[in-house]
Structure formats: structure tokens, C-alpha cells
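Chain naming follows the written order as A, B, C, D, E and F, and within any one chain the residues start at number 1.
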Amino acid sequence: MDEFDRYRAAMNEKLLGSNHLGIKRFFALDTQAYEEGALDKRTKELLGLVASLVLRCDDCITYHVKQCAGIGVTRDEFLDAFNVALVVGGSITIPHLRRAIDRVDQVLNETDHEAATPHNHD
Amino acid sequence: MDEFDRYRAAMNEKLLGSNHLGIKRFFALDTQAYEEGALDKRTKELLGLVASLVLRCDDCITYHVKQCAGIGVTRDEFLDAFNVALVVGGSITIPHLRRAIDRVDQVLNETDHEAATPHNHD
Amino acid sequence: MDEFDRYRAAMNEKLLGSNHLGIKRFFALDTQAYEEGALDKRTKELLGLVASLVLRCDDCITYHVKQCAGIGVTRDEFLDAFNVALVVGGSITIPHLRRAIDRVDQVLNETDHEAATPHNHD
Amino acid sequence: MDEFDRYRAAMNEKLLGSNHLGIKRFFALDTQAYEEGALDKRTKELLGLVASLVLRCDDCITYHVKQCAGIGVTRDEFLDAFNVALVVGGSITIPHLRRAIDRVDQVLNETDHEAATPHNHD
Amino acid sequence: MDEFDRYRAAMNEKLLGSNHLGIKRFFALDTQAYEEGALDKRTKELLGLVASLVLRCDDCITYHVKQCAGIGVTRDEFLDAFNVALVVGGSITIPHLRRAIDRVDQVLNETDHEAATPHNHD
Amino acid sequence: MDEFDRYRAAMNEKLLGSNHLGIKRFFALDTQAYEEGALDKRTKELLGLVASLVLRCDDCITYHVKQCAGIGVTRDEFLDAFNVALVVGGSITIPHLRRAIDRVDQVLNETDHEAATPHNHD
């Protein structure tokens, strides 16, 4: 997933560095859409995850899995969201669910590992 | 929306009355996917709504708008969910958002009206 | 469905009458794709029907339902094809399945009616 | 198409009148995307039309047909754009092409009629 | 394709081992949808293949290519099914058809090879 | 991108070498759709690019990026076309835009390099 992050950052840089006003504004809207509002951030990230699953976009799924894990979505909650996506979107989503559960376990393991490692900054 | 409900019920009857085991089981899974679980019913109905918006299925949107309104989703929360769908799915979702906000206002008005009407059952 | 047939014919006429060579050739390819070949016509019409269901195109579904019924696909076979589409494409296909079973019953009833009516051409 | 315009305007009003900042900004971006830039307005409207055809959104198609006609896209150019959409998107786009050619002829006829009518403003 | 099979099995194990009842039941429905019924297994696998092609899901295509080859679908029949998918789904399916014909030839070659190799179990 | 070209050519060869008349004719139609007509080649290639972006087909995007660059589409024009695709198709197109801008820069750099290299054939 490090390679995923690196490529993503480098190409976003290319897109945004081109100074196309429309593209820059769209990226801003995209960020703002998941901020706390009438619905809370957690619900919105889950909405983004399920939308990405039914539209079958692996990179979008990876991104929202990380965001969700970062705000405490549990493995059981991920599975419950996957189930909604599976029923709505059908078996065609299954290859994406396979990659998604893989990402979930990578991200949750990293989080556990970090939590278990004492951070001695002093 | 009464005509929508009538046609929906009559055709579901046709589909389920045909006793195809696979179809019957799928309909059962569909119902169960939105029941209280690791995620609560309210979150799941919002997931169903946003999935329906990005997949651009008007009948599915109408159904989930009703379900959401029935469990207290407010107009501002609907708009916040619409915004996630709009950013993820793009301008191609706008005609569906137009019909969706129409449904939301119909359903919320009915709910208000019912709440304002004293139910004298005695 | 008569209105459907009339509009379809009139607009195909407009499209083909415009003498755009690419469009005319595409329409010819479309017709030829369902002709007897390595796979028989019946299998190909079922393939066209299921492809139309998972891509959620009501007009295409109506067309292939008629073609299938015309070459003897039974109600149980339609339901079995619907079930494949439902599992592959998910609950988002259900509104289309409702309209599809409606079309199937209209078309099969017409066929029965015609079969039951003695054709005295002499 | 008057009813289409009326409903479209009324529901856009509902969506924008709700003062959701994200939705308002998206609508602004949508308008700006078709303004003169590195590519001219005419090319961009044709891009919007073909994108709408392959994504099979009738309302979006109607909107872009009107915009294109308003800046002088001819019937032959429409057909050439339809052909690209047909080849890219397949026969599943045909029902949308039928409705699109109908819209094109309505819009071009209106334009002709207006051109033929002397505007005596004095 | 061995790596494909290994990852698929390991991740299905993760998904099913999580004991989410909805996901387990969906997987069961998915298996049952292709079993002998009103339509035979061979027709159903071809339906699954064409649905996967028009929905452009490479992993699903690979799976159904294997299933089809295992029940005797010939190269000419595969090509005839590909042609239906190509006409329905358009040129956007071509990259998937390229990978699909590659899979077909791998699978059919393996099958030939196995058939040509005497199995001396004594 | 050399590997992309090689695999593409080899598999097209497999598909076309199979002598399925429908598939061969479709490939011919696909080529013809982008030839000079009522709309010029440049506009048509841009239409093909944006259709590929909103349908999220990376191989199709790579192909049309090359074609566009070959007939002089500039980096700013690419970005303007990307912006239309982004607004129409939503954030779900962003991972494809990242890969697309990468392709654009590779192709434009190669073109620059070739232009800067004197071709001494004598």
C-alpha cells in the first residue's frame, strides 16, 4: 500500500500542479464532502466506501478503508457495510470485496501494531 | 407514489409467487441486509440510499428515501448524503437528485401531516 | 407494448434514414449477433436478455423478452435467467425484474391467446 | 420538452435553495466545465453529449442536445457524435439514441421555425 | 492463473471465515444460481460469462471461462458469446475480450494437455 | 507502454485471427468511427477519450491519449477534457485521471524527444 500512496500522491501533484481551476475546485469539493456536517464524518466515510464498492473502484475502496479504519470502524462494521454493497451490487462486487477485506486486515493490523508499540518521544 | 407502491407490490408478488427458490432467497437477503447489526439500521438505510443514487436507480432511491424518512432522517441529513453521492457519482446523478429531493419533500410532508392529525381511534 | 413498438420503429427509421454508414452497419451487426451460429439462436437471445438485465436497459429487456418468447422460452426458463441476472447484478436489478416479469406475462398471454384462436385462413 | 424544463428548474431550485454549500459549489463547477477554455465551448458540449450517451442518462442527453443545437451543431454532426457513442457504448445505447434523435429533430425544427419567423421588434 | 486461484481462495476464506451470515448466504446463492434448473448448467455458465463481459469484471470472466471450458464449451462457442457481449457492451469491452481470449486459450490448452497425457494411476 | 502495445497487438491478432465475422466487422466499425466525417478526427478522438474516462476503461484511455497526442492535442487541452470527464463522472474517475495524466506526460515527452532528435536517413 506504500506504493499505492506514493503513486497517488505523485499523480495528484501532477493533476493539481497543472493549475486547472476546475480540477482544483473539484478536489476541494471531494475533500469537503466527507467533513463533519448534518451527517457525521464516520457515516460519510462509510457512504464513500459503499459507493466505491458498488461502483467497483479498487483505489477508491482502498482510500475509504484507510479513512474508516483511522476513525475507528471495526472489522465487523466493515463486513456489515460490505454486505450491503454485495446485496445492492451483486456478485460482480465479490472480486472487489476480496481485495477490500485484504486491505482491511492490512490496515487494522498496522493500527494494532502501532497501538502496541510504545511511542517514546522523550 | 401510491401507484409506485401498488405496481411494486403486484410485481414482487408475481416474482415471489413463481416459487423460484433462488429469487425468494435473494429477496430475503435483501431485507436482512438493512436490519440492525454491527451497523445500525439508520446507517444501513443511508448506505442503501447512496448506493442507489450512484447506481442511478430511481425506484431504489424512492424506496430508501421512504425507509430513511420512516426512521427519522432529516432533510439536512438527506442533503448531506446527496452531496456525497453527487461528488462520487458526478453530474450524471443530478437528474436522480432532482427526483430524489422531490420524493424527500413528498415523504416529509406526509409525515408532518400525519403527525399534525390527531388519531382518534376511540 | 404497441406504443413501445411504434416509437421504436419510427425512431429507428429516423436513425437509419439519416444514411450514416457507421450507424447502419452497427444496426446490421446487432441483428446478425443473434443469428444461429456456433451457439444457437435461443441461447443467444437468452444471453442478450441477461446482458440487458444486468446493464438495466428496460427497452432492451422488452425486446429480448419478446424474441425469447417467440422461440419458445418458457416462464420457468425466464425466471431462471432472471435469477442469474439478479445474483450477478444485485438488488439494483429488481425494479427491472419487476417490469420484465410483467412483460413476460403480457407476451406469454398474447401467445397463448393466439394459439387458442383458430386461424381460419381458408 | 417544456414540462422537462419546468420540472428541471423547479427541482434545481429545491436543491440549490436548500443552501447546502457542497451542492451549490458542484452546480457552479458543472456550469464552468462547459465554458470556453483550452477547448472551445462547442467541443466541450459535444464531449458532454457523448459522455451522457455512453452513461445512458436521458435528461443529460436532452440538456446537451439543446446546448449543442444552440451553438450551431448540425444534424450530421449530431449523427457523427451518436456513432462514436454507439461504437464505444454498444447496442445498449440504442434506446437512448432513439430518444436523442427525436430531441434533435424537435430542437432543430424549433430553431428553423424561429429563424423563419420575422422578429418585428419595432 | 494459479496465483489468481490462490488469492481468490485465500480471500474467500477471509470473507466466509468472518461468519457474517448475509455474506455466507449470498455466496451460497451465487453457487446455486449456476446449477441445473429450468435452464441447463451450460447455458447458465454462458449467461454468467456474458454478464461478466458486459459488466467488465476480469476476475468474473476468468472464473466463468474456466467453468465453461470444464463443461465442454468450444473455442467457437466462446467467440460467439464474445460477439454478443461486444455488440451489446461496445468497444469498451474490447480490452476485456483480449484478456478473455488469452484465458480461453490457456484453459483450453491445459485441458488438451491433460487429455493427451496418459493418467497411469496403477 | 511498450508491453501494453505488444499484448494489445498479440490479443487483437488472436481475436481477429479467429475469423469470427461479427468480431471482425465490429473492429472495422470501431476504426471507422474515428475517421474524418461531419466531425473532424481531432474532435472524435477527444470524444473517444472522454467516453473512455467516464466509463473508466484504462486501456481505452491509454489508446485515445496516444491518438490525441499524435494529432497535436496539447497538455492544456487534455486537462480541459479531463475536467469535463471529472464533472460528469465524479470522483470515481480520479484514479483513472491519475493514470491518464501519467500517460499524457509519457506520450508528450516521447513526442518532444522524437521532435528534438534529427532523423538522418541519408
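Following the convention adopted for this analysis, a residue touches a chain if its C-beta (ideal position, glycine included) is under 8 Å from a C-beta of that chain, and two chains touch if they have at least 3 such contacts.
Nothing here was measured: the structure is a model prediction, and the numbers come from that model.
By label order, what chains touch chain C and chain E together?
A, B, D, F
Any idea whether D-F or B-C has more C-beta pairs in contact?
It is D-F, judged by the count of C-beta pairs in contact.
Find the chain most remote from chain F, comparing centres computed as mean CA coordinates.
Relative to chain F, the chain whose C-alpha centre sits farthest away is B.
Let me check something: if the centre of a chain is the mean of its CA atoms, which chain is farthest from chain D?
Of all the other chains, the one whose centre lies farthest from chain D is E.
Tell me, please, which of C-E, B-C or C-F gives a repeat of the B-D interface, judged by over half of the contact pairs matching in residue number.
Answer for the repeat of B-D: B-C.
Report same or different for the chain A and chain C interface, where same means the shared residue numbers exceed half of all residue numbers found there.
The interface is built from the same residue numbers on each side, given that over half of them are used by both copies.
Suppose each chain is reduced to the average of its Cα coordinates; what separation in Å results between chain D and chain E?
Using C-alpha averages as centres, the distance is 40 Å.
Would you mind pulling out the distance in Å between where the CA atoms of chain A average out and where those of chain D do?
The computed centroid separation for chain A versus chain D comes out at 34 Å.
Calculate how many whole Å lie between the centre of chain A and the centre of chain F, each centre taken as the average of the chain's C-alpha atoms.
Chain centres of chain A and chain F, defined by C-alpha means, are spaced 29 Å apart.
Where in chain A do residues touch at least two different other chains?
22, 26, 29-30, 33, 51-52, 54-55, 60, 76, 79-80, 83, 86-89, 91-92
So that we know how the chains sit together, what is the shape of their touch graph: line, ring, star, complete or other?
Graph shape, chains as nodes and touching pairs as edges: complete.
In the complex formed with chain D, which residues of chain B make contact?
Residues 56, 75-76, 79-80, 82-83, 86-87, 91-92, 94-95, 97-99, 101-102, 105 of chain B touch chain D in their complex.
What residues of chain F sit close enough to touch chain D in their complex?
On the chain F side, the touching residues are 29-30, 33-34, 37-39, 43-44, 46-48, 50-52, 54-55, 60, 74, 76-77, 79-81, 83-85, 87-89.
Using the touch definition up top, name the residues of chain E that touch chain D in the complex.
Residue positions touching the partner: 54, 86-93.
If you look only at chain A, which of its residues touch chain D in the complex?
Interface residues on the chain A side: 21-22, 25-26, 29, 32-33.
Could you list, by residue number, the parts of chain F that touch chain E in their complex?
Touch list, chain F to chain E: 7-8, 11-12, 14-15, 18, 20, 22-23, 26, 30, 51-52, 55, 57-60.
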